[in-house]
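Structures for review follow.
Two complexes are shown next, each including subunit A; its partner changes from subunit B in the first to subunit C in the second.
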Partner chain A sequence: MRSRSWRPAAGHVFVSGYVVLLVAFGIAPTVYALNLAFTDGEGRFAGIGNFLRTAQDYRFVAAVGHVATYLVLWLVTLTVLVLLLALVVHRLASRWSRAALRFVYYVPGALAGASSVLLWLFMLDPSVSPVDGLVRSLWGDTFVQVIAPGHLPWIFTIIAFWTGAGGWITVMYGALNSIPYTVIEAARVDGAGPVKTALRVQLPMLRKWIVYMLILSLAAGTQLFVEPQLVSQAGFGVVGTDYSLNQLAYLYAFDQNDFNGSAAIAIDLLIVALCCAGLFVARGGLFDAD
Partner chain B sequence: MRRRSHAAYRRAVPAATAAAAVLLAVAACGPPNPTASTKPTGAASPYGFTTAEQKDGKLVVWVDSTRLDAAKAYQTAHPGVPLDIVTYDGNANGSNTLKTKVQLFNRAGEGWPDVVFTTDNNTASWASQGDDAFVAPLNKGLLDDATLGGFAKGALDVCAVDGTVYCLRNDLAQVVLWYNKKLLDKFGYPVPKTWEEYAALGEKVAAEHPGYIIGTAGDAWAPEIYMWGGECPANQVTGAKAITVKATDAKCVRTARMLDKLVANKTMSMLPLFGPDFVKNQGDKVLMLPGPAWYGGAVFQGTIKTPKGELAVGDALHWADQAQPVTGNVGGGTWWLSRHTARLKAAKDFISWVATADEYQVALSPGYPAFSAAAAKWIKKQQDSGYYAGDISAPIAAAAGQVWSGWGSPEFSQEAIWAKTVIPGQTAGKTIESLLPDWQTAIEQQAQVSGYQVTK
Partner chain C sequence: MRTDQRPGVVRMAGRALVAVLLLAFALFFVLPMVWLLLASTKSPADLIHANPLSPGSIGTLVTNWQHLMSFQDGAVLTWMTNSVVYSALSVALTLLVGIPAGYAMALMRFGGRRLLLIVTLVVMLMPATALVLPIFLELSYLGLVNKTASVVLPMAFFPFGVYLTYIYFSTSVPGDLLDAARLDGCGETATFFRVALPLAKPVVALVAFFSFVNNWNNFFLPYVMLPNSDNYPMQVGLTQMLAATPTFNPVVGANAEVQPPELVLATLVSIAPVLLVFLFSQRFLVAGLTAGATKG
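Take a look at the complex of A and B:
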């Protein structure tokens, strides 16, 4: 790859399939959404009219608050718990217990998104839940009390952690394994215990992986949709169908027949997610090549 | 060290690209470009709308799970008609499924079902107006007056916009008073006639027979039982896009106070009727329930399984100062015909049959038929079944004509607003009375989002 002239290589073949999908399902729809967001129903240029209109919607600020609260809870608990659990698994001496734990962590992630939420609807309904004692003591005696507005960010965080964190623990465990044994050994010789080794050696070396996890989780988290939508149906509408921004965009498109407003909210989400991802990349040094 | 970082870098690049792709996918929910749709004008049609080109094929029918029986009964009676029966949620609890799908079909220019059943009262408002109107007018030449005139007085109000009828009513859902006669006799209470007597009975039951309930308010349709029947002017549709909302009116306040009192002394349950908790904890504690005509089949026979010979019906409750006793209404299904249908004759035959034929409306319908001839036979059949204690036909038939006309059918769901505004507040321990201003604001905001001119 040192030569200046471009010539086809195996790498190009490998990425070509991805590029085609990226253009078809990533870039083309984005361009379409950008076009919709800046035009009105008749296709005339509308400036930032759609953005102003949707931002002034009484549901918009509430949805932003819901998603932001959820994201803070979810990203913080994800980072702390995933790293802690990965470090614990990595510390375990026995090969069997390591393999068993990694498998156990991964299992919930194997359930597809919506079906795992359905499973949680049963877990959270005190009248049918296998852990009803815990649910009752934490949140209340009836499903409607459980899904009270104040509980929802925590509930969605728990669902997201349960379905998504296992995969990340496995990834972090792999990353921990890639740290050369000599480095850990040197730390041990210098008198560092497990905690000090983790804080001073392992975590700094995992920084890029953590950033990577945060970017992907942020992208998934801002798109909160399935969880509130299903909770709304199961709760007979006690949780509105306008809880998250993505739901609001959905309502704009398919309830109010306002695709332009819907696209404007989607672009809002895109901008926020790109800015946060950019921040993480810059601060986390994801693309530093030393 | 260097090697590890390099490897990480190489793996991180596609990963970040993948992240970007995920972000971009946020915007990917847009459907394909709209195809040019023909704008129906109806000028040259004998039916008041421009019909689509007629073709052979299956008649696509959307029903909720309860009305699956209607479609199946039609199939049995007409084995030669090819049907494609699709079950959906029936637009219940303000889910807006039909609206969502129709707007997608409008954009795609194809895919509409030929016939749809809905349980809500909002469809006429959104589906009959504008360039993308979906439902076909029925009284502009498509159906004869004999069919349309056979429905109960006011039954087709929810189908009509400015005098044009767009649907056939499947069943009426007038609110009456359901009570357990055996229990009531055992306790020695008279059947209440007014809401005042009802509230007083609640106090007595709370003191003398704690645990028993005389109503529920945990469902999205609670305002349609109590507020509608109490003439609360929170939902007065005054034009195609105009609504008057006065949710803090004295009539709303007195209904709210009554409910708050009964909720506080636990004779009014806050559990959803069709949730698992209600059957388990209070199913055998139901002394009475003010509720729509379909409660008899769906709630008492279906959910809580009241034994034969115990259930009776009293006249709809009214406030003592109401000159004309009025009552509320909870849903009552409707049949709609798509103006895009390519099988107009079959679709017309289908909705006329399911809404009027004895084979469905009398033999199978769980609710009180809106078609008068079928209603008379239906109620006789119910009476003859021996399930009910005493005469149920007089109070149900009387209530059918008492539904207050001041509660309108806007294109948004009042049930959805109540469910997400008032019920969570009540769950948090607030009273309905204190939540009325929030309810007012929520209705106003939703009306404005739907493009309504709001008068307070």
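Take a look at the complex of A and C:
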């Protein structure tokens, strides 16, 4: 299917609009940010100076720690609970409860960004929360105590799980459906119970999907921005506006007017995202290019 | 083999455990939504003192609504209108450039096709937020920030939609059909508009849906690009309301412009369009997460 030449063809006209957007908002900003990241304020080549300077900023290491802690919690929770719930729902006898549960788990996915964070600020405020007893016993009696920096990785994990898990549960459920019944039946005949079947047969067959979920979630998780931004706004300064890496890049650009530093951090994050995506595409697996 | 000695009891316990697990999570997912609906019908005092899961009254809901609408001389209406305009424009543009592109990548031969496909796949798997600051730096260099185009154009760049279209045309539309059209004397353009596009209605709807949900919920891009409150979409406007709510900002104190139930109502308003679309088309979204994937 490889084309032999780059001679103008009708296909070029069809893709031209998309290619313009791809260049303008995919490639050009990357190239420009690279250029900024490797130059100084006067446009002179700065080598890796901006990367070193931003990485040595005491806020950078702290932000990496915050994001890493959140990612570990989030990815472990996501994997364990999504698989557990998908497996359990999949085994239910009643067709109606299978569909109803998947729907219920899934609906919060409509809330993303600022809306879901606002809703959870209320859920976490002991004075109005419907689960105030739980919140008080876990994290404290006042909103300010609840959003103490040490609690934030858990809080962001809960928010991300609430909005995102349902979609993945449905995906895993679909993948479980695609395992031939004869395979499960054979395991049963061999004496495997539900737990053994899940661990030895079903989960290994979901491997690709689990990797897909982990890579997309890892890449998205490194981008943490709106959650800490709103929490810090609502938190009377308990949490700084430099909690995550994207926030720090934002501060460099908007507070310090240091576009070169901002670009360096943005490139750091872009490299992580690019590696995740590239690794996944290169290893083949779920998605085919031809 | 201890389980075999008392299979009945063990099985019952297992079932109870499963039921508790499933219900606990159902509650976790549903409770915040229920609370959101109820809290918007309460007065500020009731929100704190009444049972969190008791309803308020229609009258209070109307009052909250009126207060919300008068916030900063109708800012909420402006923000909602902005959200509609930004989302609609970028969905239209996404379809306009994305559908022909996906079609061409699936069914036409041209130089650079495979490269374009791989780049699309890689960018599609990257979180869109990774490009927000680079795009801001670029547009700020070109003096284009703080314009409608500075959010609409980047949002219109939607590689996922192109990929969905590509998958649809390469799997669901037989190439022979299009060859037949060409033999009958249709040019490439006529083949696309007369034959391919009418067949592509499902994927057009799918791409429009995903693009709409993404654009509506987009926060980081407009937050960075648009400094003036008049240009905010609803998602960014919410942060302005948050700053004017006493619960989350004691500095505003008694003169607060926004009472907590009004912020709740604003949150509800901000998600209403997406929630409605969601309820009617949940299959779509799942199709999206798995679209184009080969069997697992």
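What we mean here is this: the second predicted complex is superposed on the first by the 246 of 290 C-alpha atoms of A that agree within 3 Å, B and C clash if a C-alpha of one lies under 4 Å from a C-alpha of the other, contacts with A are read in each partner's own complex, and residues count from 1 in each chain.
Heads up, the rule we're going with is that a residue touches a chain if its C-beta (ideal position, glycine included) is under 8 Å from a C-beta of that chain, and two chains touch if they have at least 3 such contacts.
Keep in mind that this is a model prediction, so the values were computed, not measured.
In the superposition on chain A, A:A263 contacts both subunit B and subunit C. Residue contacts after overlaying the shared chain place A:G65 against neither subunit B nor subunit C. In the superposed pair of complexes, A:G237 makes contact with subunit B only, with no contact to subunit C. By the touch criterion stated above, A:V128 is placed in contact with subunit B and with subunit C alike. Once the two complexes are overlaid on the shared chain, A:Q145 sits against subunit B while remaining clear of subunit C. Contacts of A:L119 after superposition: subunit C is touched, whereas subunit B is not reached. Here subunit B and subunit C are compared by how many residues of subunit A each touches, and C touches more.
When the shared chain is aligned, subunit C comes close enough to touch A:V104, but subunit B does not. Of the two partner chains placed by superposition, A:G41 touches none, neither subunit B nor subunit C.
In the overlay built on the shared chain, the residue A:L274 is in contact with subunit B and with subunit C.
Contacts of subunit A with subunit B, set against its contacts with subunit C after fitting on chain A, overlap at residues 15, 18, 22, 25-26, 29-30, 32-33, 36, 125, 127-128, 143, 178, 205, 208-209, 212, 215-216, 219-220, 222-223, 233, 236, 246, 249-250, 253, 259, 262-263, 266-267, 269-270, 273-274, 277, 281, 286-290. Chain contact summary for the complex, subunit B toward subunit A: residues 1-2, 4-9, 12-31, 93-96, 99-101, 103-104, 106-107, 132, 218-220, 270-272, 274-277, 280, 415-416, 419-420, 423-424, 427-428, 445, 449-450.
The touching residues of subunit A, when paired with subunit C in their complex, are 1-7, 9-15, 17-22, 24-26, 28-30, 32-33, 36, 81, 84-85, 88-89, 92, 101, 103-115, 118-123, 125, 127-132, 143, 162, 166-168, 170-171, 174-175, 178, 205-206, 208-209, 212, 215-216, 219-220, 222-223, 225-226, 229-230, 233-236, 246, 249-250, 253, 259, 262-263, 266-267, 269-270, 273-274, 276-278, 280-281, 286-290.
Listed in rising order, the residues of subunit C touching subunit A in the complex are 18, 21-22, 25-26, 28-33, 35-36, 39, 47-48, 52-53, 96-98, 100-101, 103-105, 108-114, 116-127, 129-131, 133-138, 140-141, 153-154, 156-157, 159, 162, 188-189, 192, 213, 217-220, 223-224, 235-236, 238-239, 242-243, 247-250, 260, 263-264, 267, 270-271, 274-275, 277-279, 282, 285-286, 289-290, 292-296. Every residue of subunit A that touches subunit B in the complex is listed here, in rising order: 15, 18, 22, 25-27, 29-30, 32-34, 36, 57-59, 125-128, 140, 142-145, 148-149, 178-180, 183, 205, 208-209, 212, 215-216, 219-220, 222-223, 233, 236-241, 246, 249-250, 253-257, 259, 262-263, 266-267, 269-270, 273-274, 277, 281, 286-290.
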